[in-house]
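Before I ask anything, let me first share the structure, which is written out below as structure tokens.
Letters A, B, C, D and E mark the chains as written, and numbering starts fresh at 1 in each.
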Amino acid sequence: MRSLSIALAVARKDLASEWRTRELVPALAQFVVLALVIANFGFQFDSRTAPAIAPGVLWMTLVFAGLVAFGRAFAAEREQASLEAMLLTPAAPAAIFAGKALAAALLLVVCEAVLLPALALFFNVPLSFEVVSAVLLATIGMAVLGCLFAAMVARVRARELLLPLLTLPLWIPFIVIGGQAVQVGMGAGSGGTSSATSLLIDLDILFVVLTSLVARFVLDD
Amino acid sequence: MTSRLNVFEKAALGAVALMVVAAGFIFVFAPQDALQGPVQRIFYLHVSSAIAAYGCFAVVLIGGIVYLWKENPTADRLARAGALVGLVFTTVTLVMGMIWAKPIWGTFWTWDARLTSTLVLWIIYAGYLMVRRLAEPGRQAARFAAVVGIFGFIDVPVVHFSVTWWRTVHPGPVVINDALPAEMLVAFLITMACTLFLAAVMIAIRYRIEVLTDQAADRIVAAAVAVPSKAGSTR
Amino acid sequence: MSAVVASALSQRFGIEVALDAVDLTVDTGEHLAVLGENGAGKTTLLRIIATAARPTSGSIAIFGLDASSERRRLRARIGYVAHTPGLYLALSAAENLEFFCALQGVDRGRVAEVLDLVGLGDVAGRPAGKLSRGAQQRLAIGRAVLHDPALLVLDEPDASLDSGGADLLARVMRDRTAVIATHDHALANRLCPRTMELRHGRVAGVPTRLRIVQ
Amino acid sequence: MRSLSIALAVARKDLASEWRTRELVPALAQFVVLALVIANFGFQFDSRTAPAIAPGVLWMTLVFAGLVAFGRAFAAEREQASLEAMLLTPAAPAAIFAGKALAAALLLVVCEAVLLPALALFFNVPLSFEVVSAVLLATIGMAVLGCLFAAMVARVRARELLLPLLTLPLWIPFIVIGGQAVQVGMGAGSGGTSSATSLLIDLDILFVVLTSLVARFVLDD
Amino acid sequence: MSAVVASALSQRFGIEVALDAVDLTVDTGEHLAVLGENGAGKTTLLRIIATAARPTSGSIAIFGLDASSERRRLRARIGYVAHTPGLYLALSAAENLEFFCALQGVDRGRVAEVLDLVGLGDVAGRPAGKLSRGAQQRLAIGRAVLHDPALLVLDEPDASLDSGGADLLARVMRDRTAVIATHDHALANRLCPRTMELRHGRVAGVPTRLRIVQ
């Protein structure tokens, strides 16, 4: 109970800080649209190749947006040395961590809420329930992992670069399985999505449990 | 009764009246397009608002340069007003174009050079307004925004010439090439004149709002300063 | 019972020895000032007492609990002010404290009380990033006493505080055990009956371990 | 002369700081390789589609790596408030700016030195002189623009999000033209690369001149 | 000639008035201490004198040059120490100074001299991020006098300095004009023949503009 209220307080504090800038959602939306524009220029893109390329663009954008979002999750803390002040309270590090992951995941969901319709609109691919659920399920696991490593790298040097380094390898399962699900959902590739979905759920559970077990080693020292 | 309206209100009324006139030309005077049917009537506002947007962004550019050069707050306020109004007209062009595209091309969007560059234009000036808001108000916001406005204007010629530089789905120049029937041309020119007037009025009103906002801030400060000083003088 | 009992605390950073076999006992309710030149090891010692760092070797017990294994329980009873205020600059002064209320499990009603205590009642709604340096320091001090800790660890808390600062410090230290580091000897003497000087990581005036062994 | 030596001092300082952390070059390299791996899983990829997809992957990776690198260019400064100390010297802001852009561009070149061979290896596409020169030419313009806006956003709130927003639209010309050149160089698309190359040079000159004119408004206030 | 002549300096942050019509003259070679409570406007005033900020209104001339149009020339003659040291934490103390030598166009030979002056000769090779807070402050002071400026602007330079700090400050201020902000009245009286107090953004004891108008 106490842990839950701490997690919520942390998430609320993060979102309030973001909200002060008032521009978060529009900025994310524009970032996403720009990524699509760039993808369009980079790839030789037409109606024939769209279902093959669109999932790749979706995941590349999501991965980079995620890295930005999770990097930001601990940015305010490390710049102002307030992380230490937060850790020097009796609050459980795992609860603090959960709060930060929650806030970051919400930001990523906002990002997806823009990315998916934009992708459907601009790339003219169908947007099915399978696609949305695959993306959301992948978000959970990606968020806990991303925050774990963001917390770790916030305390070392060259963190902007270290974050992708630690995070990307562990995101790969989500990208591979989620990518498959999305490709099928968009009409390319083969095989069912139900197995992919249950695999994503398994992965989420695995990483949430693992992360909550190790969070205190990362945040406390 | 009219005497109670100030110059801005009169101008706004005039602009609205003119837009009604333009609507008359668009829907009554102009002939129906043989191939496309009624949807072609989007053309008039679609193109006019694009040109109005170019004009607004030119105001942003010039206002920015003048501000950097002379530090003239008037120039900055004009630029601020121009960016917002220009963004509105870009939005109109985009939305009109997308509505037009659905029946003609069978899709709302395609990655065509004209369409893409227009979308980028929208994003650039949305970014401009965002810089304004996030930077420290005053000098820093004005300077940063001026720099964005100068770089951002590069996209305006790109949008305009995109149809000649690249092979596009979007139609190429028709007005300049005399490809319009005379009645359509008249309707277009009148719509454009009215739209440009509307844009000018919107900029003027927005400019006025900026002036009043700045003055209001000054007045609040003056009030805040006056109170303790009076208290001090009785000491 | 002693509030702090540390024995043979050493802290090394690479080959640099910041703290060298420091023994220290602080009684409950006692106020101790740690003095010393720049680089003497004051911050290093205070961070260990505040459970913000672990010593390379040596042991430390606070209120009878081992500081390395009982960190979490101890933290509810310690308030720490570091060299940097460590605030959320986008949040207002009051919001900063409210957040820490949630972390400490303290009632929010305490916020107004603490803001008054540190003299920030007027600027409670202003973002912490827009406060003057001294006001930020006051806010950091307020945060340290939010949960009514039994032990205060203050690292140069007088930094940037104006002439009312000494009174403020006396007020927050009253009825608590306190260890403060400062360069202001007058302040140290005023606030603390006992002072201790560090010199190159050792307690000045105490023979070094090496000499004891000899 | 004096400006040149200042620019070099700034660049040297930045590179020395990066070098002290020792994590930059390996981290950038791994970042790039991981991006390729993601692309590999995200896209439906075979020998037929490789020349169409490889340039897109190249540019998307470069763009995101660039955003990270340029964001970092002013990171140390803003975190330590040392930017102000640097600006409160008689050194010309344009010279300081040039030094920072130079250092960031060099980092990006290091990134490319890994990315291009890795791309050729993973995607089995040829790596011609045209491809390399197009990428390097695009780097110049991208670096000055990226640094200009990085300097700007270092001084405003919500910077992680604002940087891509301002930078990406203006990078598009480089991505479009560079992308064409690369596609041709890799055997897809049509047309010569020489016109693309000269266009890139023109763009570089345009942006370098414009940026050096406005740099002082961004860095000095 | 006066070193600093400021008239009717005002600084606003939004609707907050941090400085309100402050007039100030500092003679060449004079040492002036600016006192005042937290939030009185000391930092705001010093930043304007150091050309790090521009006043919302009012004018300021330094060595006869207008501070808003001749910033670059003036900066070669001003040394400024801010609330935060603003160092490159990955570079060593010596490298920090060498870099600023390049920016100031000063010979590198000066680095060793300055390091000795501020008492950092021993730790010249250590990364600035690993120095104690006081050592960082010394380095910031050293950087401010690297180019032998005629005017020193020091914002709470005594922060974290040990007992040798007052002598150090006296040493760097000798033969220069200096404006320093501090909360330590004893130090202010020792270093500066003249002090001035700010109160809510106004010079204490001087009638406000409003009253003059009335």
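In this text, a residue touches a chain if its C-beta (ideal position, glycine included) is under 8 Å from a C-beta of that chain, and two chains touch if they have at least 3 such contacts.
This is a predicted model, so every value here is computed, not measured.
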Overlap of the chain A and chain E neighbour lists contains B, C, D
Ranking chain pairs by contacts puts first A-D
Using mean Cα positions as chain centres, tell me which chain lies farthest from chain C. B
Express in whole angstrom the distance between the two chain centres, defined as the mean CA positions of chain A and chain B. 36
Please report how many Å separate the Cα centroid of chain B from that of chain D, as a whole number. 32
Using mean CA coordinates as chain centres, what's the chain C-chain D distance in Å? 45
When the centre of a chain is set as the mean of its C-alpha atoms, what distance in Å lies between chain C and chain E? 29
Flagged in chain C as touching 2+ other chains are 90
Could you tell me which residues belong to chain B and also touch two or more other chains? 120, 123, 127, 130, 134, 139
Chain D: which residues touch two or more other chains? 21, 157-158, 162, 165, 169, 172, 221
If each chain is a dot and touching chains are joined, what shape do you get: line, ring, star, complete or other? other
Which pairs of chains touch each other in this structure? A-B, A-C, A-D, B-D, B-E, C-E, D-E
Residues of chain D defined as touching chain A within the complex: 18, 21, 23-24, 27-28, 30-31, 34-35, 37-39, 41-44, 49, 52-53, 55-60, 63-64, 68, 71-72, 75, 79, 157-158, 160-162, 164-165, 168-169, 171-172, 175-176, 179, 183, 188-189
Within their complex, chain E touches chain D through residues 50-52, 54, 71-73, 75-76, 78, 80, 82, 84-91, 95, 99-100, 102-105, 127, 143, 147
For the complex, which residues does chain B have touching chain A? 107-109, 111, 116, 119-120, 123, 126-127, 130, 133-134
Going by the contact rule set out above, which residues of chain D touch chain B in the complex? 145, 148, 152, 155-158, 162, 165-166, 169-170, 172-173, 210, 214, 217-218, 221
In the complex with chain D, residue positions of chain B that touch it: 68, 120, 123-124, 127, 130-131, 134-136, 139-140, 143-144, 146-148, 150-152, 154-155, 158
